[in-house]
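Below are two complexes that have chain A in common, paired first with chain B and then with chain C.
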Partner chain A sequence: MQRSEIMDQIRKILISVLNHENFEMTESLSATDTDGWDSLTHMMIVSEVEKTYGIAFKLKELNKMRNVGDLIDLVVSKI
Partner chain B sequence: MSEYTIRKANENDIPFLTDVVIEAEKSNCKQLSFSTLFNLSEETARKHIASMFDEEIDGCEFSLSNYLIVEYEGKRVAGLGAWIEAFDGNQPSAILKSNLISYTFGKDAVAYLKTKAHLIKGMLTEREPMTLQIEYLFVDYAHRGKKLGSLLFRTQEDLHREKYPELKKVQLHLFGNNYVAQEIYKKMDYVFVSSHKSDEPETMEYLPYNEKIIMEKTFK
Partner chain C sequence: MIFTSLNFLLFFPALVILYYLTPKSWRAVLLFVASILFYLNISPIYLILLLSVCTSTYLFTLAIEKTPDENKKQFYKITNIVLILLPLLFFKYFSVINNGILETMSQKGLHWPLPEMKFLLPVGISFYTFVAIGYTIDVYNEEVKAEKNFGIVALFISFFPLILSGPIERAGKMIPQFKKLPNLDFGHIAAGMQFMLWGYFMKLVVADRLGVYISMVFNSVPNHNGTTLFIASGLYPMQIYTDLGGYSLIAIGTAKAMGIDVMQNFRRPFLATSMADLWRRWHISLITWMTDYIFTPLAFSFRRHKMRGTIIALFLTFLISGIWHGANWTFVVWGALQGIYLSIETLTQKRKTEFEQRYNLKDKGWYIFLAICVTYLLFTASQIFGVAPDVETALIIFKKIFTQHGSPYLDFTTLFFALLGLAVVLGKDINEEFFNNRYGLLSSNYYWVRCSGYLLMLFCIILFGVYSDGSFIYFQF
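Our next item is the complex of A and B:
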């Protein structure tokens, strides 16, 4: 699966969980600069990504994740 | 006061710290959010809370090494956690806590939380980076009135200021119905900062109260 496909899928997850698309989907996009990406929605985003790809993140991997680019790297390493 | 001793927590304290979190989170009410919001029994929630301490993640409410314990005749009687928010570019504590919950509570619990998220959305609070954050105070009922809470607060503040002299502020978040605690904190020079309320009537079935407040103290 190509990186751009994963990014598009994650974009759809973000729109679904956050209920808006007022963000520019780039690899540097992070919780701090996205409306509604808070502690609650963060859990749901992680959960949806795991469900979509049938993967499970380790705690250390989650804690190192700073932005969408890191999330894509993680997904790529697991599928 | 000489019969009370204060020390840093270690892994042997996890069962007691789990009680500290549960008692503090309940805020003298029945509802334990770690149970109600995740559709878990209190016993299961207890196991998950202990598991979060086991992970030893620094920089959030479950940072084992940043808790202080008060002992009386060899028995643990009080505890208090603290950490520096987003220290040195760390993740915000809210994200670290979310990761811990996702990892330890499991998918079903998170899926249930999703159905109840609207109940607590209005009460979510942000923590200011590079401030000392204090969370989860509990004093055993038999040892209340001995100023152990003040002792723990003062010690946490002193320890962190000694290590990080650049610290300017200490903050705490508590339920709005915890009036006794608010009065005690005011006497300790904490001032009210903001209120964060849920307008959903159902919230009170899941949490001790529908309002969180932030108080803070600026270091002189």
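Our next item is the complex of A and C:
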């Protein structure tokens, strides 16, 4: 699967969980740049990504994640 | 030796001078020795406990990093956390549990072998334990490398400005600073002194003076009517803010004078427009610590339950926070209330955002003001459980507030100076929040205006400060 496809899918997940599209989807996008992406919504985003690709993350892996690019890397390494 | 003691006022300048006279390679050693002396002056017997936590954390973090076996890493992490948590749990809860058993058994005419015991909580034990737990988990998560130098680990855990009540710092930020301490910079010293001056102002002029009135009211709840209790309850969050906020600024300033940056602990909390917003601005170092080491693992475990899982994690986190504050049902209710507030906000967030967008409310002054007032009232209501000695008294306070109105008891002299000081603190917050610090006396472009501002503040501290025991509210936790 192409990185761009995964990025598009993550964009859709972010819109559905955060309930807005006020962010520019790039690999450097992080929670701090995005309105509403906080500790409360983070795990819901994570859970949706896991469900979409049928994968499971480890907490240790998530702790190292800093931006969307890291999330895509993690998804790529698991599918 | 606490920040408001004469000992500290002698210790601090002497240390800063000695620190900058010491060769750079020896400054970390000097800071460690100073930290030990600082703690020795407060709690000599419990210094052994502090050093044991440092040693255990040092050994286990090295072991975590050394072993490639994931199960062993996990075992070492859990063992260290349990080992360093045991003293905290013992000192906080043993007396309560033992006395509870003693009372229950004696009511049934049975004998319990342990007599009634009361231990004084070692000062700062919660804070250095949290720092050590955070470091252990960070090493396990490979977010930081395990430090090989015992002195640096011990300095990080026992660093004197932060040991008594935080801010609860992280290894990733502090250890690199301790390993590369900066050269003499008068800018650092000046910035540190400015933080400290604000801190002393908040603590001595505002918090302790407010405390005089608030203690007088809450120490005799049956003698006061609902109006007085409403005023005292409304002022209590301000007392905690200026007490812990003031303490934090003194701690940040002390570190800054030696060129060490420490995180902010409060960011204009009473201008928050929701409870979630308030908790992002209030006691930031504790909240981020709880988010990273309690809430996130819980939310991760419950993530399959989506929103419900997040809410359960949120509720449990605040419940744990409440129980940490004290082995008393009042703190359990306090924690549960925060959990309820935040859960309701999370569940209604989507609708609230839609409503605000439809009527373009987010930029309207009256709406922001209303949101600030509602948030403050909700927080104040929860803090009644923080100040009352038991749930029954808290409920009496609520009942009186709603039913027993009358002319309030007002100590005019105390309240006048306290409220004047509070107006200065809140004015600074409003100026920073809404006016980009445009009107600040202390942020003026003119040097003489800034100097006059600081002199005025020093004058106020000397003239209007309360110089009693100088204890800080969070020392009890």
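What to note about this one:
Note that the second predicted complex is superposed on the first by the 79 of 79 C-alpha atoms of A that agree within 3 Å, B and C clash if a C-alpha of one lies under 4 Å from a C-alpha of the other, contacts with A are read in each partner's own complex, and residues count from 1 in each chain.
The rule we apply is simple: contacts are C-beta pairs under 8 Å (C-beta built on N, C-alpha and C of every residue); 3 or more make two chains touch, one makes a residue touch a chain.
All values derive from a computational prediction rather than experimental measurement.
Of the two partner chains placed around the shared chain by superposition, chain B and chain C are both touched by A:47. By the document's definition of touching, of the two partners only chain C reaches A:19; chain B does not. When both complexes are overlaid on chain A, the residue A:11 reaches neither chain B nor chain C.
Judged by the touch definition given at the top, the superposed model places A:66 against chain B, while chain C stays out of reach. Once the two complexes are laid over each other on the shared chain, residue contacts for A:31 go to chain B alone; chain C is not touched. Looking at the shared chain after the overlay, A:78 reaches neither chain B nor chain C.
When the shared chain is aligned, chain B and chain C each come close enough to touch A:39. The interface of chain A with chain B overlaps its interface with chain C at residues 38-44, 46-47, 50, 59, 62-63. Those residues of chain B whose C-beta lies close enough to touch chain A in the complex are 55, 57, 91-92, 94-103, 107, 110-111, 113-114, 117, 120-121, 124. The touching residues of chain A, when paired with chain C in their complex, are 19-20, 36, 38-44, 46-47, 50, 59-60, 62-64.
Against chain A, in their complex, chain C makes its touches with residues 140-143, 276, 291, 295-297, 299-300, 302-304, 306-307, 309-310, 313-314, 346, 349-350, 353. Those residues of chain A that touch chain B in the shared complex are 31-32, 38-44, 46-47, 50-51, 57-59, 62-63, 66.
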